[in-house]
Amino acid sequence: MRYAYLGPEATFTEAALLTYLDAKGLREQATIQPMRGAASALDSVLEGESTAAIVPIENSVEGGVPATIDALTEHGDLQIIAEVVVPVRFVLAVRPGTDAITSFGSHPHGEAQVRAYMAEHYPDAVYIPTSSTAAAARDLAGNASDHVAAVCPALAAERYGLEIVAEDIGDRQDAVTRFVVVALPGQIPEPTGADKTTLVAALRSDRPGALLELLEQFSTRGITMSRIESRPTGDRLGLYQFSIDLLGHIREARVADALLGVHRVAMSVKFLGSYPSADATRPIIDPTTTDSSFAEASAWLTGVLDRD
Amino acid sequence: MRYAYLGPEATFTEAALLTYLDAKGLREQATIQPMRGAASALDSVLEGESTAAIVPIENSVEGGVPATIDALTEHGDLQIIAEVVVPVRFVLAVRPGTDAITSFGSHPHGEAQVRAYMAEHYPDAVYIPTSSTAAAARDLAGNASDHVAAVCPALAAERYGLEIVAEDIGDRQDAVTRFVVVALPGQIPEPTGADKTTLVAALRSDRPGALLELLEQFSTRGITMSRIESRPTGDRLGLYQFSIDLLGHIREARVADALLGVHRVAMSVKFLGSYPSADATRPIIDPTTTDSSFAEASAWLTGVLDRD
Amino acid sequence: MRYAYLGPEATFTEAALLTYLDAKGLREQATIQPMRGAASALDSVLEGESTAAIVPIENSVEGGVPATIDALTEHGDLQIIAEVVVPVRFVLAVRPGTDAITSFGSHPHGEAQVRAYMAEHYPDAVYIPTSSTAAAARDLAGNASDHVAAVCPALAAERYGLEIVAEDIGDRQDAVTRFVVVALPGQIPEPTGADKTTLVAALRSDRPGALLELLEQFSTRGITMSRIESRPTGDRLGLYQFSIDLLGHIREARVADALLGVHRVAMSVKFLGSYPSADATRPIIDPTTTDSSFAEASAWLTGVLDRD
Amino acid sequence: MRYAYLGPEATFTEAALLTYLDAKGLREQATIQPMRGAASALDSVLEGESTAAIVPIENSVEGGVPATIDALTEHGDLQIIAEVVVPVRFVLAVRPGTDAITSFGSHPHGEAQVRAYMAEHYPDAVYIPTSSTAAAARDLAGNASDHVAAVCPALAAERYGLEIVAEDIGDRQDAVTRFVVVALPGQIPEPTGADKTTLVAALRSDRPGALLELLEQFSTRGITMSRIESRPTGDRLGLYQFSIDLLGHIREARVADALLGVHRVAMSVKFLGSYPSADATRPIIDPTTTDSSFAEASAWLTGVLDRD
């Protein structure tokens, strides 16, 4: 049982992985491994070196995480088997003995979330981007940084022996990040009634209204989207693919039927998994789109054709 | 080979039946039988007394023929196997020797189609409704009428020995009536690529926008409607069923898929047949709704689920 | 104060007119006049001979009344100012002393509504079509008929001195007919909050999906249709106009905006009136389509353009 | 004439600004000023220090530029007056005399676009993120970097005296970045027939299908979207605002009418400008959504209401 995660150590991603392993009762037997990027973490699964990988996909303040979304799209043969949502709480930390905070390091996503706090309390502090929030702490602790303070998770401050100057300094104290656990295909979790399905669909470039046509596949089957992110296909301005989370499971008829519709109208579609919703909320299903409504329609049509 | 038709004799319906039998090369071996109403003609098929029945369903001037549409809906176990479109040309006919046309008989549908002509040429002639256009001729010939002229098909004037005063007196000279040939289930004609499918769907009364939802089943599959008639369900003002003709055949995937959708969203649906279009025009099929597009989507979904 | 109505005397239409006049407190001062057809009734308004005309537009069993719908469409300069809904109850009546009911007369609409009753009680009685239900009574009373019984309103049986054999013989005892009161333009009744708007729109023949596009004008503004009737334009099979009732008043912004949309997408549109709903039910208005929502949007746009 | 741009110097943004000034014939008289971020560049316009600012909004490979989109949304009182599209071509540059490329610096967007090239030619080179592609060159030239090579625009290599090792190393040689020129309100450029309109709309959280409803405002008026970017509102996972470019000008009736619709259905909407399309392509306008179609509808409605 080996789990890869988007490193470095001591980030919110490690915290999310530990949460997941605890929930599954796997913490004792699992080994965990930080990886340099979302793509590397996913590669280690593809290559059989890891059982699964955990990567951030969406943040309530910053939005989708393009690197993850793109890596999942490009590694089309992986599947999301779980999601984990964790609160995002930043601390401001320094090396013991620091007296003036003239600069601070953090990942741009971290910086964005403490901008108001830092502007108010340290208006003159220069922001130095780092490759992760934990790296800001690690480099500061190792005297390998241009910054004299770090905006990072409490876990990172603790692990690297920094002194916490202020806690919970995020501009939005209810910020959360959503992570997904990704494995090789072959293990679609059973439907629980409160599930999500993730897919990526690229629009046909020659169809005005292609996005509307895509969304109608969901609306006409009474399916709610909980996330939609536009991503360029990379081919040209104005060509998009959409990374979408639906409420429902591919083994529910309305979702399967919508996926058939998406396959027809989209230039391409990738199924990235059906898995339990972290919040366990069951969607309200319209009477016209229940499994039994689909089954009855199918039985009726068979009957009509069998008369033949 | 016995064919029932909406009588009486010598109407456009008999003309349509003869056209159909000629086209099929069946005229020699078939016997034909006029019936008192559309319902009786259909009953004779249901009871095994007739091979098929022919009834008018739609007129380019007067619109749908409610009696036929309602009879087809109520006799849900019949199927349309062919359509025949015939031009509607009326004559004004009298008993030989008549000098003043002070009144004329015709079926209300006939009267409606010559209203401008009669108002111009015989402004004072009183209109007497008859149960059919041919009955106007027959009763006149038999001295059994209150009218002194008949507005009827040429066939009726000839058969009953009347004198034709004026020909082709319809206000719209391109008027046509469309007839359908109805048989017991069990003989869906093969798809020709230029077919129609007829169905009746009753809307759910508790869904505002139910008609839009119904039509979306066709529009999202690129299916064109060639006829739509509203009919009351009879239960309450504002409750409708719709009699609809689609371009396409139930054995084409986009039509079958739309019918599944209609079954789900409608309160009830009746399939009334797939049969060759009289005008042999093939609809343009969008690339996203071809049979192969549906087959590829289905194969893809099976592949995704089989990984499991 | 002269009111025309679709005659003859003693039909449900006269009953509806009396109901209307009573409700308005006009019965004393009004004179009423039966007319030969819906078109004649409307003509008398157009020509200034009548203050208003009342004509049947819709029956809960038989559906729309094509003659009225077509006459309203063709007389495009008239306006509906009120609606009246009356229960439809038929009696079976004979001349005093009649012993066997071997035939019965009625208008085809009347016959359709008592078909089950007559088939059960008088399976051998021959149906004779008459030009109205009241005419069946009048002609019977005047010995001017081929039928020995009449299916007619109680009012007609009484007025012509017939004997009522059976009451309330309609197959659906909750059947109602809806009538409209039609006047010259220039008097749109004030909005009451529970109003209807009637219009006729002809679809563009060159736009597949034209009906859907028409209905979207209402659905995207949260407007409910309470009636929709297809009528042929008369030009060709498959060309339609739709006679539609909406819940709402032209002086409500969502209705006015929808009418603008209909004008753009339809080949032609006729506004036939906004008037109080007979049932006084107020539609639920979505927060995005209230008058204030429209006013705020308009003020915002003006502000944006005024910056210029 | 002072123009702010997203700095530092020598980036593609400076190149875009120079292109814009050349096209307008303003290069001689304009002074240009690099700013630390998109927000600062926009602030300098708001505060009257700059005539206009130029910022990147979209890249054909990396997608939308969240910092710009968010800054434009938050600075709601600014307006886009022009767009500039420039090709993105990277060089690999070193200090003269460098023999081994063991590391390279670039902005993450730059690194993403040369990933395949670097992996193939320098598989062991470590990537060091920098705050801009030009900063990678500047810091390298100034001996202030951990990296020994820079992936940057040719302009930056030249300006800082670096040696170009390889040119045009982007994985997609047709990559482009789109920039917008932003000014104070009060100067909506005249319609040219080939224009874009930019807006940001936040969805109502309580309406499932809110995105579909938003897009229908455009589709029902025949308006094409050329860009749509989802951005979180920051309030909660699943709450979005959408940054959208439309083909059309606010002074065209179909666009103005769609904006009214968006104002009604969205929680909030910001108009960010109408300006000439860089590619000068005129959209095809459906006959039902031309300015004259809107004007005729409006005249008709006025006529109907004036009868009153």
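Odds and ends about this structure:
Each chain gets a letter, A, B, C and D, in the order it is written, and its residues are counted from 1.
The rule is simple: a residue touches a chain if its C-beta (ideal position, glycine included) is under 8 Å from a C-beta of that chain, and two chains touch if they have at least 3 such contacts.
The structure presented is a predicted model; accordingly, all values stated were derived computationally and were not measured.
Number of steps on the shortest path from chain B to chain D, with steps defined by chain touch: 2. The chains in contact with chain C and with chain D alike: there are none.
Centroids of chain A and chain D (each the mean of its C-alpha atoms) stand 25 Å apart. Taking the mean of the C-alpha atoms as each chain's centre, chain A and chain C sit 58 Å apart.
Between the CA-based centres of chain A and chain B the separation comes to 57 Å, rounded to the whole angstrom.
Across the assembly, chain C contributes residues 216 that each touch 2 or more other chains.
Viewed as a contact network, the protein chains form a single closed ring in which every chain touches exactly two others.
Residues 185-188, 213, 216-217, 220, 250-251, 256, 259-261, 263-265, 269, 271, 288-289, 293-294, 296-298, 300-301, 304-305, 307-308 of chain B touch chain A in their complex. Across the complex, chain A is touched by residues 58-64, 66, 85, 129, 131, 172, 174, 176, 178, 208-209, 211-212, 215-216, 219, 224-232, 234-238, 240 of chain D.
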